[in-house]
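Letters are used for the chains, namely A, B, C and D, taken in the order the chains are written, and counting of residues starts over at 1 for each.
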């Protein structure tokens, strides 16, 4: 179907255009600081396509994917979960503590940790959902505040008097090391990547993406969620209990947020310490928006961000300011959304034009008003 | 879509119950609060809760937040949600520091901070007004950009400077501090006697009128000035109409795009000023990561303040105050604040009970009891907890008052010319 | 970029031989060179080595929120790029270095502030911050006229708690009844406490208003605010890591009575020196008072009158007569 | 001539809204423009008011050629416009809404006192009776309409455009408005008046221009020389449909019984006050009332979208405690007043809109799953049976015209054999053809035993369609009227309370 194809091409045109635009901006910035843009970009690409780096990129992307997915669930119903950050940190910390405290057979141990993380994430997010549903508190504000509060709670619990242990000889402290049975084995997906395995959790990420898509597009619940996102008033009139939906979708979002720390926890660090990665929730927001809240888009966005993050090292080695990576990320997000918007408008006008063309070709000609025949 | 969903807003929009702060109620509330604090101080002996030092620190901490909030106010009154305040603030800290150092004049830094923030605002306006991008998306992108650009510029420019580095600027020349002459001595000796109410007032006055930076005064004046411009002038009316009903404004010949542009650029400039305050006055230096989320807190203060200058000033003050308390020796003062919370919750309980609202009354009552018990069984509050006092207080106050808030009707709605129906 | 080609070749072991002309890889923690603090101290060590030992250097820094894998990759890129020795600044490199050191047994590694990373080719350069802090704690107590001193920590992490512990112990050691106050600016993972002079100033001013007249900070970049508060409150301040009476803003230098110097530069230089001399030793090397890794500074002459007492305490610690605990409350 | 529009053409993507239109308006006259929905009336007026730029054609005002870049240019030459939809900011005061864009100044500030005085003066001179300091959101529709007129007068307009000003007014208010208009004209002002209510047009206009499908059918007809039938034929090219129901199909089986229903606003005021009524199978119960007298709240309470007290029984089963979804499942169909806000997901395709409100039922879902194939098939059926003009069921609802959107909604709500249909303004903003089609469908379903609660501002529709007719005033059902005998005029007076107790 050529119309379909055209629409698809248009949809793809947007991000491509945007990335090109971002490349131009970055080139200007690079030139100003006296670095060759072409060399720099080819350096990044060269490095980015080495097997090790691909593994690393996939690993970063797996984590980002969950963060963005968590944001996207809420965003699909117009809820803005800025609190993914606090949710995953609290969840990972408590899950790590539980995981370190028990000994269970292999898969069960992992399952327990994951379930605890999801529950904690969900519970923390539920606070914002409940406050919104019952007290009308904007989730934007409440989740920002809850991030700070989560920081305090984690800091309180991550203390050698409570859940933490001192890592021998180090200035780091962390939860008790999770025994082997609670590890998620890595995958040797990329040939030639040596010791750098891909997180086993990448499989869960793919499953989560599929589940997300099925949930939203194939279930009644998903329909209600999307309907609420598109028009709250219409959703209410159709019988959706919006307050309940607010709480449920925050809970789902929080549960997914609980997974954010899992690839790292179960695949690399096996303990929640002071060096556990932070700020992933905020990156997740940008990636969700970049990927238009669609799992495939999010996956692409996550890989792109992972790639950019990992190229920071190679840039530094070559004495190129690695801050351009952050600038690039910002420019890409902004230009992608501008491009999407332009394409969206173009498509809307094209569709209206098509509707009226097909209708007039359909032969309702003559002076009779529309619908008079009925 | 940027405004997000408003649960039940359309069906429960409280018409008469909308909260409009008048000067009289404001002054009364402040007076009541001072008395309450004084009583609590006398009971608990936490003398720092009304000391001049606390008040002075509170103002210093509140100003950047208030400026970010004012930035939010300008944008949102014109219908543009600005979550990019943090990024604009970062630009303000950097450019403020750079120009302050470069021209060896802090006021040059103030101007540069304004301009730096305004550039961020301009970008936001371009994305949201001209290209119709979702306001939140654009704001998120600007936050990323603000970080990247300041990091990049620091590396390029500060690294070569004496005392500067990749992550910090050289020291910035300071801005003069002024005091009302002749009051410091008497007030501080009065304050030290810890007399009920009198010492508290002395502390408050001393905090307000002794050792205040000129830029603090400028910043504080911007709040009533914003009120005047937005609520009393033709320009302000037009700007606000763009946030309430842009098609109506357009139909009367108001150039909606222009006003939105101006509003968002001013918004960025305000945030930039907050940033410049932070680097020039509050720190005397630019440090990467210095904004530490204050842009977001400013946004919260604005919502807390019901999209009004007085309200946001109160929000920023509350934030600055609780933050000052916790930073100035935390545990004891914040512990004393618990009693304030108890009193307020009891008041809510009584108020709800008289209106025969059983459930809210019960909830507030139980909460009051719990807080009281916690107060009685502890002597202090762990430092990890005192640090989120301002955030927790904001959350609590919002959950008591959020339903009385009213945002501009077309806030966050993407507007396109000629949509009129 | 030669780097990428080298990187592709995999396990090239680089110049494993010691001697001049060594290519040194330095991996900083967040902030990197120019943070006027910890990372900068390491940079000074490298700079000295560059001029005295004729080594070359390559410096990389961490970005906020990154994972161990990225730190690992940083070390690996350096190793693959032929850099040897490689130094990681900060305990965050502990696990990554353990891993990478195994992959490159012929490369010498060193890590600052961590003794957890153990391998035959890793040298652990750690500091007895509590010992140095003990001395400045004593100095604070001796200098305090109001019998009240304060400590401002940037972020509440165990490393900073060592500074706090030593400081309090030192102060109490010379004046049993001294009043102490402690304030941290933020909690991990919110590391802005090291970068927020505004908060540092408020915290220090609070202590000064509360009666303290000497304030010690271990708050990185927020320390500038502590000095400002001391200046405005006519109080005294104690710097950290480097001799801040030399490095701080000229306007506040005169309030800094002493600094607890932590000679990361010395440790880095020593390590590089041993590398060029081919005498690198794996395992922990504690830079304590005895080794001159920590000390108090005397620039400005503000502690001259108590120098004798301080030096006596110093000797007692070195001799083991006084044991300083690295934990608070001990 | 006050206004001369010649050769105006305006194209929108996919639509030619105006094609070579000619309109000449004499100074000091009331000139009406008639045309069915979408004929291009509003577009033409927006061009005259500077809100749209014509692609071709010329505009002359008082004999001088003009070219408008924005409404300010039109305001500057003395043109004012009252739009089809209110152009008021709810959260601003009357004064602020009125002065916006031409604020009197005193120093830097707005001259509030001066503005207040001037508004009072105009308000008194034309008997508008508006309070400058009231918030718009506290005003009813009639007051809002007067504020709109005040806005125009305040700017000293000599040429006033009124785009369907009567759509939301009751007859008495319409009369008042017309009196005002005549007063204006006597003072030498020119009024351009848009309506498709032909009796109004005939009663107030001096001259009439009819447009159809974007172009002038006949310009400058003397209103004394035509009658409604002729005008209608000019407008649509065929006879006007009538909403009359034929024979009664009312049974004695209760379909919907509402008892003591009370809805309170958030400040505790009853907006629906102790309302009780019963609708039987095969009966259409009409509720007449000036907008804002509790109709919307009543409907929302019955739908379970709004908290209320009292009981609601559906075919003998108590549904009071059920939520909206359960009530819909129990057999309440709902054609909402505002299709864009409550009836459709504008950005979603038609087949998803078919699911909306019927998420839990076949053919849209099986258990927790959405049945895409089933929903699509049934959407095809609705499109066919209800003659929804669309190229396919995958286009977004947004792309359809209003009338076709409405037909889709009616078709959807009639599916699944509802016991009761709540129809709020089912033909508002829909052209005559689609109107007739919707009426036919309602009648057919009524004959099958459907009970209908009909709320409408169109009194002809109410009188023509209802078996029983009640009047709502300030939230209370104040009168029963017999639709067989009542005239729109007497119904109108009952609605305003003039005939209370009737």
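Methods note: a residue touches a chain if its C-beta (ideal position, glycine included) is under 8 Å from a C-beta of that chain, and two chains touch if they have at least 3 such contacts.
Computed from a predicted model, the values in this text were never measured in an experiment.
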{"item": "Pair of chains joined by more contacts [C-beta pairs], A-B or B-D", "value": "A-B"}
{"item": "Geometric centre distance via CA averages, chain D-chain B, whole Å", "value": "44"}
{"item": "Distance between chain centroids, defined by C-alpha means - chain A, chain B (Å)", "value": "30"}
{"item": "Whole-Å gap between the CA centroids of chain B and chain C", "value": "36"}
{"item": "Numbers and ranges of chain D residues touching at least 2 other chains", "value": "305"}
{"item": "Residues of chain A engaged with two or more neighbouring chains", "value": "148, 151-152, 155-156, 233, 236"}
{"item": "Residues within chain B bordering two or more other chains", "value": "11, 293, 384, 387"}
{"item": "Which pairs of chains touch, using the document's own definition", "value": "A-B, A-C, A-D, B-C, B-D"}
{"item": "Interfacial residue positions of chain C with respect to chain A in the complex", "value": "1, 3-4, 7-8, 10, 58-61, 63-70, 73-74, 76-78, 81, 91-92, 94-95, 99, 103, 113-118, 124, 126, 156-159, 162, 186-190, 284"}
{"item": "Complex contacts: residues of chain B adjacent to chain D", "value": "11-17, 228, 232-234, 237-238, 240-241, 244-245, 247-255, 406, 408-409, 418, 420-421"}
{"item": "Touching residues on chain C, where the partner in the complex is chain B", "value": "31-36, 40, 61, 64, 156, 181, 183-187, 190-192, 195-199, 201-203, 205-207, 209-210, 221-222, 224-225, 228, 232, 249-251"}
{"item": "Chain A to chain C touching residues, read off their complex", "value": "39, 43, 46-47, 50, 52-53, 56, 59-60, 63, 89, 148, 151-152, 154-156, 158, 160, 166-173, 194-196, 264, 268-269, 274-280, 283, 309-310, 312-314, 316-318, 322"}
{"item": "Touching residues on chain A, where the partner in the complex is chain D", "value": "217-224, 226-227, 230-231, 233-234, 236-241, 348-359, 362, 364, 367-374"}
